[in-house]
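Below: a set of structures, written as structure tokens.
Shared between the two complexes below is chain A, which pairs with chain B and chain C, respectively.
On to the complex of A and B.
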């Protein structure tokens, strides 16, 4: 499973969106369930899935799937398959 | 003599040989007795000790049933025989039971609802009591249903799903009254129940052990909301407290409670909590809002689990139960347990419904499933055992 696929599964699970709704440009305002608890869930999920701990600042700054990828790459997780 | 003052009150054990006859003779005899399930969370010596707390004026003319339910502390509720006989007469009238010639028992008779609604009613009204060992032996229940003649059947909500699974394609025209009590009314299964019991009038009964046991009645036809418990019976008054607790006064309720801490009489003018939260609607019907403990705050939002279960029941045709748990932040939450094990698509559908109908804080902490739910002897789901079921499947979780 690629990192994109892992991230897709996580986003689908955390925000309860349909898999078809996922895309790499998905933004917070497009997902009504991307709320404060959702951000916490996403950060926990990232840690569990990628073994990478987001700081509070990083977690609160997540406004899109692109942001998640950017922060993960900053932590050395490669999304070169993107 | 001390031995006379502390004479032992009789303890009857459900399922004992000749149990129904013994029950009848102890009811007719003056002496107060306790009627206890064969499989009980307490020992006979615990019951005997509780009975020893009975004041002299309660040692005749009463009976004691054990209640603990899924929530916890066992206690004996003390009923007055005369009151309960009066209730059976009232029930006979309001349930229009005159045509009913027999009642089929699939619940333990030690369960207050079955005891008064079925055994005592049959005793007072001189109707047949058809005892079965319950759904653990479905062939026996099936035989009783097939041979029923102008019969009344009393069930608890979760048994509706069992009926559907076991006999859903059969029809039982001999049942003319079908009662549900003890947990959520299976409103969504009414169309199927009508097919299975084409001649039955179906009722939602509401009450609690302290009410001994009945408080309200609603015909299934008289509403379409599972939480609608209808109107109080004659002789019953209901009100809700400022915090939403449903309180009652009743001409038929228990007169005392006994537990390890001792005996406590309940005064006639004392409003007793039923354990549920409820409100009265504009049409005077009472509507349940959840169990005390089923409504709690999570991240500042008030969560009423029964409302969420209503959504779940719209999209999941199996059984559903839940238990309370905390998330990683120590916030209160709950875990849904589905039965039987759902297909992946079913879970996805359910999650989509939760997302559409409820904010995230209302979602369960986890969705689990099991091949069979643990049940208490009275047919209700054993909420205390849900957490520790072995081999549960995990389908989804909030990562908090």
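On to the complex of A and C.
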């Protein structure tokens, strides 16, 4: 499974959206469940899925799937398949 | 007012929202909720839990009256202990608990291990501390399940004593098992803060009722999508994915 596929599964399961709604340009305001609690769940899921811990600033700064990828890449997780 | 968590929360809400200026003195009839020390109210409205946080909800005075405990059955006493344990453990694993909170909660957990699961006035203090700490962090899936299932279980099985404390007691062991198997957080934190893990597990097994768990399982399955959306579930220490229902369907306390 590629990291994009892992991230897709994670976003779908954290925000309880249909897989067809996922795309790499998906933004926070397009997802009803991407609220402050959603940010907490996403951070927990990222830690379990990718083994890296988001700082509070990083987690709060996430506004889109693209932002998640950017922060993960800073932690050394490659999304070159993108 | 004299009463348990639900009554205290109603009185706190009534005083703060309808009778500002009135003094509120509460006498908890049982430990567990810690409502007497909490700025949170959990209200039953139209079959759903409505949660509000406001410092104005805090009572002016709390009076503990140990003689009230004489009428508490051993079963209810045990379930109230489960309520306290679920606050402490879920707050300890919360993604919102920093090192200072974790350290305080670990101290509390080690103290809880010294308390018997029977009527004991020391539970009042433990309950209040667990409540104060969970307010500063969060609770998790046990509370998500309890909040969603309570109305349906009490309606469907009115004579079986289902309520918040029983739901917490019954589901704490399987949820902690779920957390332990899906994340290293519990094992790492228990080791870091020198928590007697086997002692905790022995308590959780003593609190669990396997027959009650089997009775609640169909309702859990039916309500799972709502449980996933509950705010408490969303701050569980381990991510609760939709397919996690399979874990609970296949789970056994053996």
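Quick note on the criterion: the second predicted complex is superposed on the first by the 82 of 82 C-alpha atoms of A that agree within 3 Å, B and C clash if a C-alpha of one lies under 4 Å from a C-alpha of the other, contacts with A are read in each partner's own complex, and residues count from 1 in each chain.
One rule holds in what follows: a residue touches a chain if its C-beta (ideal position, glycine included) is under 8 Å from a C-beta of that chain, and two chains touch if they have at least 3 such contacts.
These figures come from a predicted structure and were not determined experimentally.
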>> One more residue to check, A:18. First (chain B), second (chain C), both or neither?
In response: first
> Is chain A touched at more residues by chain B or by chain C?
Replying inline: B
> Given the touch rule stated above, what does A:60 touch, chain B (first), chain C (second), both, or neither?
Replying inline: neither
> With the two structures laid over each other on chain A, which partner does A:44 touch: chain B (first), chain C (second), both, or neither?
Replying inline: both
>> Going by the contact definition given at the top, which residues of chain A touch chain B in one complex and chain C in the other?
In response: 13-14, 16, 33, 37-38, 40-41, 44-45, 48
> Tell me, which parts of chain B touch chain A in their complex?
Replying inline: 299, 328-329, 351-352, 354-355, 359-361, 363, 396, 398-400
> For chain C, which residues are in contact with chain A within the complex?
Replying inline: 95-96, 182-183, 225, 228-229, 231, 234-239, 241-242
>> Can you tell me which positions in chain A touch chain B when the two form their complex?
In response: 13-18, 33, 35, 37-38, 40-42, 44-45, 48
> Considering the complex alone, what residue numbers of chain A touch chain C?
Replying inline: 13-14, 16, 33, 37-38, 40-41, 43-45, 48
